[in-house]
Amino acid sequence: MAVIVELKQAIREFVRDGDIVALEGFTHLIPFAAGHEIIRQGRRDLTLVRMTPDVIYDQLIGAGCARKLIFSWGGNPGIGSLHRLRDAVEKDWPAPLILDEHAHAGMATAYAAGASGLPFGLLRGYLGSDLPKYNANIKFIDCPFTGERLAALPAIRPDVGVIHAQKADRKGNVLLWGVTGVQKEVVLASKRAIVTVEEIVDTLEAPANVPNPVVLPHWVIGAVCQVKGGAFPSYALGYYARNNAFYKKWDGIARERETFTAWIDRHVRATKDFAEFRRSIESVGKEAPKHA
Amino acid sequence: MPEQPYTADEMMTIAAARMVRNGATLFVGIGLPSAAANLARLTHAPDTVLIYESGTIGTKPNVLPLSIGDGELAETADAVVAVPEMFAYWLQGGRIDLGFLGAAQIDRFANINTTVIGDYHKPSTRLPGAGGAPEIAASCKEVLITLRQNRRAFVEKLDFVTSAGHLDGGDARAKLRLPGKGPVAVITDLGIMTPDPVTKELTLTSVHPGITAEAVTVATGWALKMAPALETTAPPTQRELSVLRDLQARTAKAHAGQA
Amino acid sequence: MAVIVELKQAIREFVRDGDIVALEGFTHLIPFAAGHEIIRQGRRDLTLVRMTPDVIYDQLIGAGCARKLIFSWGGNPGIGSLHRLRDAVEKDWPAPLILDEHAHAGMATAYAAGASGLPFGLLRGYLGSDLPKYNANIKFIDCPFTGERLAALPAIRPDVGVIHAQKADRKGNVLLWGVTGVQKEVVLASKRAIVTVEEIVDTLEAPANVPNPVVLPHWVIGAVCQVKGGAFPSYALGYYARNNAFYKKWDGIARERETFTAWIDRHVRATKDFAEFRRSIESVGKEAPKHA
Amino acid sequence: MPEQPYTADEMMTIAAARMVRNGATLFVGIGLPSAAANLARLTHAPDTVLIYESGTIGTKPNVLPLSIGDGELAETADAVVAVPEMFAYWLQGGRIDLGFLGAAQIDRFANINTTVIGDYHKPSTRLPGAGGAPEIAASCKEVLITLRQNRRAFVEKLDFVTSAGHLDGGDARAKLRLPGKGPVAVITDLGIMTPDPVTKELTLTSVHPGITAEAVTVATGWALKMAPALETTAPPTQRELSVLRDLQARTAKAHAGQA
């Protein structure tokens, strides 16, 4: 049963040190505000789950929140590497990072298995790939009818699932549309779900002809938090576009430990919420307009 | 009309685009494959159905996406589905004609590495990982691969096989019951390689204008097989070049902006 | 690649004697017109697949088209028995009917497996039920991670899948909404798919705020046929309501072999298409207004 | 105020409705369960979430559906999902508090038969079959069953167990790893039976006003256990009756019409 609360409170009450936490959003509606709040509250030893760890996970990993990463593609989309993720894997900084590595098809299947209450998910996958050699969680079973060998993966069941969506109503029913990735699955697979939204409205109606409208009823959600722009620098279809320039800029910020730490300290740890974070990074542009 | 100058990357993208049959369903990776697939759609293959792993089916972006799930892809799609459905019903369902992939490294049998350089547990370079590629490489009826050719990318032995090409050659794919035929061509900035019908080893079949077979050999980390009758790729037509450049100019403009 | 043709032609070219044929529509959008055309063209020895065989399958079975039925609930919704189905099972009339019987969860999973190109589907199902004792197609496998016993069913892969939908565009892209059942799955699981639609339009746009809009692209469909009212007596949300009175009336028509045969001969076999069928049954009302 | 007269079916539906906790998520079968669930929603349990296997979630029909997928259910729902998703994500996902089922036959452990009377291969009566019931009975946290009580329905031994109640009693459900607790009450036109906490055998705990324990015994095909302190069901309140009758009058009007 969803409660409508401040994001600060939702993270404080729902996310514990050592939890399995999945922040999802397949390039669209990435819950950056929620990720920042986890950093701000100093959570540790998290097992982070995400098909496409991108800038938000680079920040969480660099900030020392994670001990393990379950993932299938870790890069800065269209730009290149995630330097903090690489530093953790290649040089153990700020701490070693255990990898539980998959392909997208496997992760998607494992989320669907989690949402379905099944202990494992089934796919024709990983054939000819070296991934199963390095991941004991990828097993193979034989079809009882044809004998075909198929991959089996343990269901993903996070302690906490976090997504961002376009709208909620005052009961906490949530509406999202566009690229919806595994957002429904992560909410249904998780023990506790947090949804940040662009706006809270009286009546939850999908605009005409939007692609792929998805409704999540309030009773599968723990907390709904309004955070306008909470998916920045990713996008919210119908609200704002992806800030590609920030993704490019991140490459420079994250490349060195020092620049990363200074950035995260100043703009995330020293700000009280996402709105203040936004003002803080905008103020940098004003200080040094030539480098904006 | 005199030939317009063009870059090696433009030749690569245009040569890759030409491989797309009109009306085919394409599962498209981001970057070079996406540029080539959209160029095909905007030139000789208007009925091509472009599918991105983010769930967008029949998408017709006006600018190239920077990420695999850009809003442009969703807004111009015939349908958008959830990611588990995309991989289960659409890719694994066996209804995609052509998978279009990039790669960090490739070997003589067109196996792909996008995972690590060096030891998996202590890599010298950690690459992004598999994404959708292993199952795209397995399940699409055919696969095209496009990447820039040099000895760091075209290696004797992969440190990690992320996605299966022709494995160790011959009928290895069939033995493993991989549903699709696997890579049918590798298109680079230097030329085009296709697998030998029997051994499945990549064979240089075409060099781009101005590129010598020797130059391709030097850029390849193994003794590259040559087709007996080596062709020269037709240079870009003016229309191919202008459509590609317009697309890239629109894209650059759309993706600029303040951070 | 969809062709837009007359229903008569689609059935003639796509449905062969002995085929596995699935006409789906979960109480909504049931493809009655297509079912009638199969009867009219005299197909034989079909394996009929449908989660909820209702009046349309009662007609197909009574008309002698079927040798086998794969199903999970066979009744006249809200009314009672399907008398033709019962007569076939209990008394072998007009021919014996082989049953491959499931529960809904199993059928839905087997359709999804078919759409997914998997040889089998996996569910926590049939536990404590006698169904597996009578159906060798229900097997059990052990989870390779937890040891839990789960049900496994062969994927449903019909030769022909048939659905009715609200709209198609001129390329053959299809839009449906409301209760969509397993309609997407049956189209994707079948070798050949036929879709009858209420209307063919220039631009395929979902009306504002309709529940659960689903688009099927033209290249997964074999034939699209416009048949206005083709789901009668079931309903098409946004077009016409369910004709509950016909469902009640069917109970009387189908109860005896003679009344059934007279009805199917007069209204289906002797009419040239669904429009003429509709006029034919309406004329009965006019002949005997007191019994309408 | 003098008590209004009411029918045995009305008492059954009202007694069943009272078992629904406000705010619970209900997976509802068509017919008697649907009437009781909607009566609950329209009286003491307005925040109850009604789910039908056709994919309609949080539906608030103004009239009772005749079929499990009536348009009314879709149009008044918070969300409508495909049937495979309904069974996988919502039912099997373990998020339904209460399954509400009817039955053709039931035994002393509340196992349900809706498949055949007689031999499976040569039945004297072929019933509709399982539908969603086996997995509703297995996966919902609790199950309510409502049906009319007589010796054809309440039998010593089922010809076919379609859906598991408490199997052969005791901890049989737990041994088979059925996720839910199983039937917690059987509500009929005569009274209410609940499973013994240890043996799980159905025990008559309440008779409806004017019904004797003996009448219930006579209508039951086995030696029905009695609770030491047998209660009498509270008669319908005026509000319960008027809401139920209004609902059924609206329903009859809506479902009338020409064939």
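Order of writing sets the chain letters: A, B, C and D. Residues in each chain are counted from 1.
Please note the rule applied: a contact is a pair of C-beta atoms (placed from the backbone, for glycine too) under 8 Å apart; a residue touches a chain by one contact, two chains touch by 3 or more.
As the structure is a prediction and not an experimental result, all values here were calculated from the model.
Asks: Return the chain pair with more inter-chain C-beta contacts, choosing between B-C and A-B.
Replies: A-B
Asks: Quick one: report the Å distance separating chain A from chain C, using the average Cα coordinate of each chain.
Replies: That pair's centroid distance is 41 Å.
Asks: Hey, how far is the Cα centre of chain A from the one of chain B, in Å?
Replies: Computed from C-alpha means, the inter-chain centre distance equals 28 Å.
Asks: Just curious, how far off is chain D from chain B if you go by their C-alpha centres, in Å?
Replies: One centre to the other, that is 57 Å.
Asks: Quick check: what residues of chain B touch more than one other chain, meaning two or more?
Replies: Residue numbers touching two or more other chains: 79, 88, 92, 139, 179.
Asks: Of all residues in chain A, which are in touch with two or more distinct other chains?
Replies: 112, 117-118, 123-124, 148, 184-185
Asks: Draw the chains as dots and join the ones that touch; what shape do you get: line, ring, star, complete or other?
Replies: The chain contacts form none of line, ring, star or complete graph.
Asks: Would you please name all pairs of chains that touch?
Replies: Listed by label, chains in contact pair as A-B, A-C, A-D, B-C, C-D.
Asks: Chain A touches which residues of chain C in the complex?
Replies: Listed in rising order, the residues of chain C that touch chain A are 117-120, 122-124, 139, 141, 143-146, 148, 150, 152, 154, 205-209, 213.
Asks: Of all residues in chain C, which touch chain D in the complex?
Replies: Interface residues on chain C, with respect to chain D: 26-28, 51-52, 71-75, 77-78, 81-82, 85-86, 89-90, 101-105, 108-109, 111-112, 123-131, 134, 148-149, 178-182, 184-185, 211-212, 214, 233, 235, 237, 241-249, 281, 285, 292.
Asks: Which stretch or stretches of chain D touch chain A in the complex?
Replies: Checking each residue of chain D against chain A gives 23, 25, 49, 57-58, 78-79, 88-89, 92-95, 139, 179.
Asks: Can you name the residues of chain C that touch chain B in the complex?
Replies: That would be residues 1, 112, 115-118, 173, 184-185, 188, 215-217, 219-220 of chain C.
Asks: Of all residues in chain D, which touch chain C in the complex?
Replies: On the chain D side, the touching residues are 30-31, 53-56, 65-71, 73-75, 77, 79-84, 86-88, 91-92, 111, 115, 120-126, 128-135, 137-139, 160-164, 167, 173, 176-179, 255-259.
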